[in-house]
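One chain, chain A, appears in both complexes that follow, with chain B as partner in the first and chain C in the second.
And now, the complex of A and B:
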């Protein structure tokens, strides 16, 4: 099979697989797991652009998810605004946050951005906890209504699944266009050599800032979807641990690719729910795996950076090109 | 006035701890050009291992020495297993590995010592000391003494010993150091061990006052880094100054404004310094050569 056929076939198969899931899976909890996977994928598309294409590390993306979630919750529950407006505002607020953080810190070297995003994330967790009049503090924010478009409320598990994955598809098309056109080339040039990119006339700060804002926007949308799907949010969801999980998904997925990080995001999300996914699995095994969840993320980051710096994406690209020559 | 003095003492107490963690950042940065995101976990490990051993009935001195030695060994092993295979090169990869390492070390402590807070007895018992109407806990005196001792020993080692000169040579010009026979890779391993020992010392010294748990590493790392960058990354004296300034800022913000702001201070200082003056208060001209 030629490379070109494969390139059109794989996305097609992915769409078919995603469409079959709600037909095969009738269990509401299982569907919810696949919905969560979609929400994580939305965040990871943004991080794949930021880390995998532009080479910038963020340890604070859970904070943008949180900004989106609280914005959507507050606008719908307290202000009674239409859901779609709240959803869009969630993206706007998160990307404004991204812009405020990115403008100064992206002028600096890479590790300063990692530290700036880390402290931004911790600061936002503190804010979510302390700003009780908006967020409800540690007790959380409950009673968030389901998504609705005009008079139609989306509350069925399968409809929620569709809503999330349609948003993912739209984001993916946008990201794909971004990476295959001039902005994507500029990002990859940055990843290669900032100095070289600058010499070729790439506005490096501009590209970094725009990429960062796009990734914050997608995280904000993901937060709004999470809040509406689950109906309850609390500061413990949007912590450094979540940011590290996102980072692990992105790193395992690999750089310069969208497909790799997406596959990694789905796999690493599903690992959390093995008990529900594999019916026969012993309870102890599932619980042990659950308690080693964070270890898996940490080890995955270390092992991939040492042994397979290109992540999943590079591994299968290499395999494909090997197959072609033999 | 009494309140002011009390806040001042508390600030210098926490500031000393931040100074120790900041020194760890500075040492590794000098050797590798990268930030070690696992630095806070060394602080955590020092306190946790010490508290665990002392809980087993070991004398405090033994528990403390073993905890520092064990943490230094963990720092060296971590460097050998995870950082050395990268072979220098892109600092981004070093950063990623230390982020992963921070998670793994934290989880290791969770699996070994459990999720509960552990306590360490005070180094010496007795009533607080009085100074102009303010109370100074005996443990605070220990913290100051140990920090001063650590800084003095470090300064002596760096100035007077062959090992210290080799460390400094590596941080100034790695390749030139290798040309004159310095084992630069060994120096990187040593820098991780030294940074780990300093972090562990901080974790041990403060554990009797605050208790400690497996998850204190990340917030400590951020504070230590805020201290390091406040002074100017890479300069040990500036790191100590940064630690003390940060401790005082925190203490006054918590005392005069609202205790809620205590943890926010370091984060805000970190962001403001990064944005406005990334070379630090004591750093030279701001231009970074590309």
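And now, the complex of A and C:
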């Protein structure tokens, strides 16, 4: 089979697989896990653009998810606005955060940008905790209603699954269009060499700002979906640990790719719920794994950086090109 | 016609004057070489011409318009393209993709058209792809079209970077040591390439250490030593210039410290 066929077949199989999940899985908790995977994928598509393509590191992405989640929760519960409006507003507010975080990226690179985004993330966690009149502080924000489109409330586990993955699909099509055309080349050029990109007339300020904004927008949408699916949010969800987990998924997935990070996001999300996924697994084993979740993520980053610097994406690209020559 | 007028350009880094009151002209359709010992200030001068550095004093007129104070992107749009001493290719992209990025300099922004994959974005993409193939052919490296930049041999990297610079449709092309890392055959091919580029109407300024190449291609040479211009003229005159000979004989002693 040629590489071209494979390239169209694999995404097609992925879509079919995702579509039949709600038909095969009747357990509501299991479906919720796959829904969470979709929410993470949404964040990771944004981070794959920002970090994987444009090479701008963000250790504060959970903050954007938080901004989206609280915006959606506040607008629906306190202001009684329609869910769709709240959802869109969640994206807008997170984008504004992205715009703010883009500013240091214009001056800082590498470790320094990592430190700046990390501080941003910590600051936002503090804000979620302290701005009690909006967020409910450490006690959290509960009673968030399910998503609704006009008179239709989406509360069935399978409907929520569909809603999340449809949003993911739309985001993915947009992201794929960007990466396969001119804007994606500008992003990867920026990653490859800022000097070279400038010498080609690339508007590096524009590329950085736009990519940060798009990436924050998707994280904001993901936050809104999370709040509406779970019904309860608290600052402990949107911490540095979550940001690191997102970054781990992106690194394991590989740079310059969308498929790699998406697969990594799904796998690393599912790892957290082994107990529910593999019926026979002893309870203690699952719990041990869960308590070591952050360590697993850290280990994944280290292993990938040492043994497969290009992540999953490069691994299968190599395999494909090897198959082509032999 | 004078395409580029460099007037009294001075650039200081702390106490060091890297470029000291340098002036010269470049005529349209010619190849001019900038030579001088290591650390003479040639690359700094290049940066001052392309917006990567802002000279402390002086003026750079390109076709009558001031370049000093413009951003790199703006000088590219104005028609001045460059390569780097340390090639600045996009390693994870193919040679063709590298050149396609250069094509963006004169395309409309098109973020939304790309996001929605409108027909316009596709047309633009195809044009850039064809242009990249054409330029790589012009430079003679078309067989590397789909090779990852990171996998390219040193000589080919420099040529791909030239193709990428040409993609920005320059009137003036600045090449920073294009022959570095090239073997003899490749250097000879580079000479042909430079003539072919010039024959398309593009004016060329090169910084180069390979004296054979410099004498072969350049119509005029500017010699810089310790930031100052010490000589200017056609190759035959420069070869006999006592100040130039002194600067080059002194080079080895300078290298020791």
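As a working rule, the second predicted complex is superposed on the first by the 324 of 326 C-alpha atoms of A that agree within 3 Å, B and C clash if a C-alpha of one lies under 4 Å from a C-alpha of the other, contacts with A are read in each partner's own complex, and residues count from 1 in each chain.
Methods note: a residue touches a chain if its C-beta (ideal position, glycine included) is under 8 Å from a C-beta of that chain, and two chains touch if they have at least 3 such contacts.
Remember, it's a predicted structure, so these values are computed and weren't measured experimentally.
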| item | value |
| --- | --- |
| Chain B versus chain C as contact partner of A:195, first or second or both or neither | both |
| First, second, both or neither for A:306, with chain B first and chain C second | first |
| Which superposed partner A:132 touches (first chain B, second chain C, both, neither) | neither |
| More chain A residues in contact - chain B or chain C | B |
| Which of chain B and chain C A:119 touches, first, second, both or neither | first |
| First, second, both or neither for A:256, with chain B first and chain C second | second |
| Contacts of A:78 with chain B and chain C, given as first, second, both or neither | neither |
| Touching partner for A:27 - first (chain B), second (chain C), both, neither | neither |
| Partner chain(s) touched by A:294 [first = chain B, second = chain C, both, neither] | first |
| Chain B versus chain C as contact partner of A:105, first or second or both or neither | first |
| Common interface residues of chain A - those touching chain B in one complex and chain C in the other | 195 |
| Chain A residues touching chain C - in the complex, by the definition given at the top | 174, 177-178, 181-186, 188-189, 191-193, 195-204, 206, 210, 255-256 |
| Touching residues on chain B, where the partner in the complex is chain A | 34-35, 37, 82, 85-86, 91-93, 95-97, 99-104, 106-107, 111, 218-219, 222, 225-226, 229, 260, 263-264, 266-268, 270-271, 274-276, 278, 288, 290 |
| Parts of chain C lying in touch with chain A, wherever the complex brings them together | 50, 52, 71-73, 76-77, 81-84, 88-93, 97-98, 100-102, 104-107, 109-111, 114-117, 121-122, 124-125, 128, 149, 161, 164-165, 167-168 |
| Chain B partner contacts - residues on chain A that touch it in the complex | 55, 57, 59, 104-105, 108-112, 114-116, 118-120, 122-123, 126, 130, 194-195, 240, 244, 247-248, 251, 291-292, 294-295, 297-302, 305-306, 309 |
